[in-house]
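Below, chain A partners chain B and then partners chain C, in two separate complexes.
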Partner chain A sequence: MEFNLSAGMFSSEEKFSPLDTAKTYDVLILGGGPAGLTAAVYCMRKGVSTGIIVKEIGGQVALTAGIENYMGYRHINGVELVDKFREQVVQFGIDYDEGASIASIEAGEVKRVKLEDGRVFSARALIVATGKSWRKLEVPGEEELTGLGVAYCTTCDGPFYTGKDVIVVGGGNSGLEAAIDLARIASSVTVVQFLDRLTGDRILIDKMKGFENVRVLYETEVTSINGSEEVESVSVRNRKNGAVDEIHAKGIFIEIGLVPNSGFAKGFLKLNEAGEIMVDCACRTSVPGIFAAGDVTDVPFKQIIIAGGEGAKAALSACNYVLQKS
Partner chain B sequence: MALFDENVKQQISGILKNMKGPVNLDYFTQEFECAACRETHSFVEEFAKLSDRIKLSIDDFQKDRAAADGLHIDKIPAIAIKDGEGNDTGIRFYGLPGGYEINSFIGSVLEVSGHREPLKEPAASRVAAVSRDVHIQVFVMAT
Partner chain C sequence: MEFNLSAGMFSSEEKFSPLDTAKTYDVLILGGGPAGLTAAVYCMRKGVSTGIIVKEIGGQVALTAGIENYMGYRHINGVELVDKFREQVVQFGIDYDEGASIASIEAGEVKRVKLEDGRVFSARALIVATGKSWRKLEVPGEEELTGLGVAYCTTCDGPFYTGKDVIVVGGGNSGLEAAIDLARIASSVTVVQFLDRLTGDRILIDKMKGFENVRVLYETEVTSINGSEEVESVSVRNRKNGAVDEIHAKGIFIEIGLVPNSGFAKGFLKLNEAGEIMVDCACRTSVPGIFAAGDVTDVPFKQIIIAGGEGAKAALSACNYVLQKS
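Then we have the complex of A and B:
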């Protein structure tokens, strides 16, 4: 009989001390995904005073079902992997804050991080590892009906639409994977694609086309999501000929990519066209003493193991920076 | 063969050091144990050894029917978790708490030992205001 003991669950609360506004940390890490958590382990092992500001621990990993390309685990689910990351960080007794959002950051000898709730934290060096969030359509009805038929993650919400008609917006890999997941359980899947062709991998396109209950509407955009208490239908418009239609559906999965959580850095750190924080190979940003790692940066590939590696680099760079200054 | 390997034994003993007070485990089985009762019996014996603060009593579902009825236990193997004074908490584990359930089991033992996690306001007041019997069933998906 196997026992899947999560020892981390039982670490006493004193291990996670609250983040202190009165303290000037050596390094403050913004973000609790694989990049941020790896950076935390590296900083704590170096013995520099470290704090971490986490919005949702694990970031995108916590919402991933099956992971098969993180070394050491042939197959592991996202929540389990996040638990293991958390256990490894908790053992160091780091100062920790959870749930808040970052409003702005200020450079100088001492960097200041202001949260949306008004609290300000200080550190000699910062590591920005705030990752990415799902891109929104920004059409009427989207916000109001989020959680009531509007969803962004089939892993999380797919099962609620068993036997129902659903729409998937997006023809890239995320959209195709969502369509495939849903085709197995939904009554029908309509893929709404902005362009005149699907942009995902051939293997996924072929797999999706194997399902009889999936149809694709090309050169089509969503104009509104309709329903009073839940999604009832979705209005679409053909971009080529202007034809409009209303598709009855109980669910709409928006899979049009991810945006970097770098809004607070705009005009302050150098960003690329996609809004990602630009870094060199030592994870340095355009501001001395501010480092960045993971999906929020312009690292060309976004993978858990890459984010972890970048987090380690950023931590070592930040520690070098702090130790050289003192 | 022991259910817990050395590594797991050490981890669990370490966690149980955080117990704030004693806990009583009441294990219901019967004289002719099927595989499930036998395995769970080994489990409670091994588990109780990992802390001085755990007291284990073994009851017979047939012979101690009054005790079983008193605790509303209608199937075995059953583990009833009672506090240090022997008062029932209502917490039951039917079957072996293996796999991920070991965490719920340990969590329950720690909580009953004194690590209360009280509900925060306004939830606490809302729950206190419930004025009729409510039967809640939670269904968990294994994926």
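Then we have the complex of A and C:
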């Protein structure tokens, strides 16, 4: 039994098998970003029966304008790279489900995954690769101009703003690191901070202040991001005196944090303070037979190639687990 | 100052800067496989001064016939993929040295790397990514037919032998895992074991014996690998009675271990029993400011995308270290 996917990115000729509620899979993968898709390729090549539950194919990668730090491509955009990853998974005719959210998971010799639409799937091993979501400003223009000047990742997108004026939103460690990274290459960096002080590490604050082309606007919030084809300016409001201003900029980096998509694992898998699933260097979680990979975990640094590597590790760990049990 | 590289794989038009013995680099990378090259891209993009010392560009990848498990390419050969990785490094005009072996490294606020030709280079942080070398049989035909039926990695090359007769050399865990992997897809698997018993884990031995298409030849050694364009047969000799035989096979997987290229680090960095450099999940070694990534480390599973991910982690850890010190 096969069906056509309706998602826009997919060609109507491509077919997957639907996930089967009656089957016990060897490995069930939760998540369709770089970690989940890499895990899928590794599991399928190992010949274990595999299913994958994807909310949004590509995860954060699909939101990235240009990628220059994924090895093998000097330059590729996020959607193109996701498409290549997906093609590699599709060729194996994997059992696939897209769109639903995970409600809860249950351990035991056979693990169960309950979706919010009520369906329940079973597997001997799970790989949780549900990623993180960027915390959004939720102001007018943000969504429309994402990838057109609105960015969330300086390591990925910073170099595109060489010699340009940019804004960084957020005065915590992510914001400071972004400002330091950008100060070396951008013409000017304006840090917009909601509070009356920076909340990041002293060492980062000092380092940032060493750059003459960085300024900080305290007690300030972004009210809208403006531009038709690309970002042209950002409107801000002083929270103390209500004064409004419009700052001309080609790029705005929103660095107000990421939210791990781990809600369904709370009280079940061991999470750190940030809500990330804790794993060892072989991607094992606190529950035997449940593995995790990529940005939803406490692995340091969030990058496509790192998530891919972690996905491969989790898959090989899960396959070893299944083979030893069978 | 720039010079042309002489290595065959390089176009004569490509230029690098030579490594400078008078300079103290921020980061010096040792090794030019997937981990080292990925680390180089990440360091250069961070804007820290970076040098790379490569013995053989591409490492084990350059020896792999076809790669189907590197995300982004459904199928690519090893040399092509190495070439793409290298291109990505070259674009930054990195300081580069190729061909020399590392004699020793020295710690301190500034780390020193001594090459066997006597040159000494300095850096604030080091990334050791010198990889592993496959242990070779060293029999006639092995070198000539590498990539043409002689293989070292079942995860990489196994699927190319679907429905064919293959030989696995080695009765330890790697050999047993290779035989189990191949038994599912190959027509027949002959395991050639030097000793009178298998030395791998019981669980793997039992699992392998469950396959009817696997046989083991004990106390047997390979004397030559035969074929003109590709592997056609393998000659073996019984070590007990001296009987010789010729086994027809399309593939021979040599699974007698890998040797980490960590000799220069002995007694200096903490190594495990296998001689691998021990690292934490952020690629830190036992010496502050020295990071390690890829197959030379104790990271589980040796795969291109895993090495790439570890290289990125090591680079970001090294950059953080350098920025905090400066």
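Keep this in mind: the second predicted complex is superposed on the first by the 195 of 326 C-alpha atoms of A that agree within 3 Å, B and C clash if a C-alpha of one lies under 4 Å from a C-alpha of the other, contacts with A are read in each partner's own complex, and residues count from 1 in each chain.
Here is the rule we use: a residue touches a chain if its C-beta (ideal position, glycine included) is under 8 Å from a C-beta of that chain, and two chains touch if they have at least 3 such contacts.
What you see is a predicted model, and the numbers here were worked out from it, not measured in a lab.
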| item | value |
| --- | --- |
| Partner chain in contact with A:316 - chain B first, chain C second, else both or neither | second |
| Which of chain B and chain C A:121 touches, first, second, both or neither | neither |
| First, second, both or neither for A:307, with chain B first and chain C second | second |
| Which of chain B and chain C A:264 touches, first, second, both or neither | neither |
| Partner with the higher number of touched chain A residues, chain C or chain B | C |
| First, second, both or neither for A:161, with chain B first and chain C second | neither |
| Contact residues of chain A, present in both the chain B and the chain C interface | 159 |
| Touch list for chain B against partner chain A, complex | 3-4, 8, 11-12, 14-15, 18, 39, 43, 96, 98-100, 102-103, 106-107, 110, 141, 143 |
| Complex interface listing, chain C residues touching chain A | 34, 37-38, 41-42, 45-47, 68-74, 81, 84-85, 87-88, 91, 155, 159, 180-181, 184-185, 203, 207, 280-282, 299-301, 303, 305-313, 316-317, 323-324 |
| Contact footprint of chain B on chain A as seen in their complex | 1-7, 9-10, 12, 65, 159 |
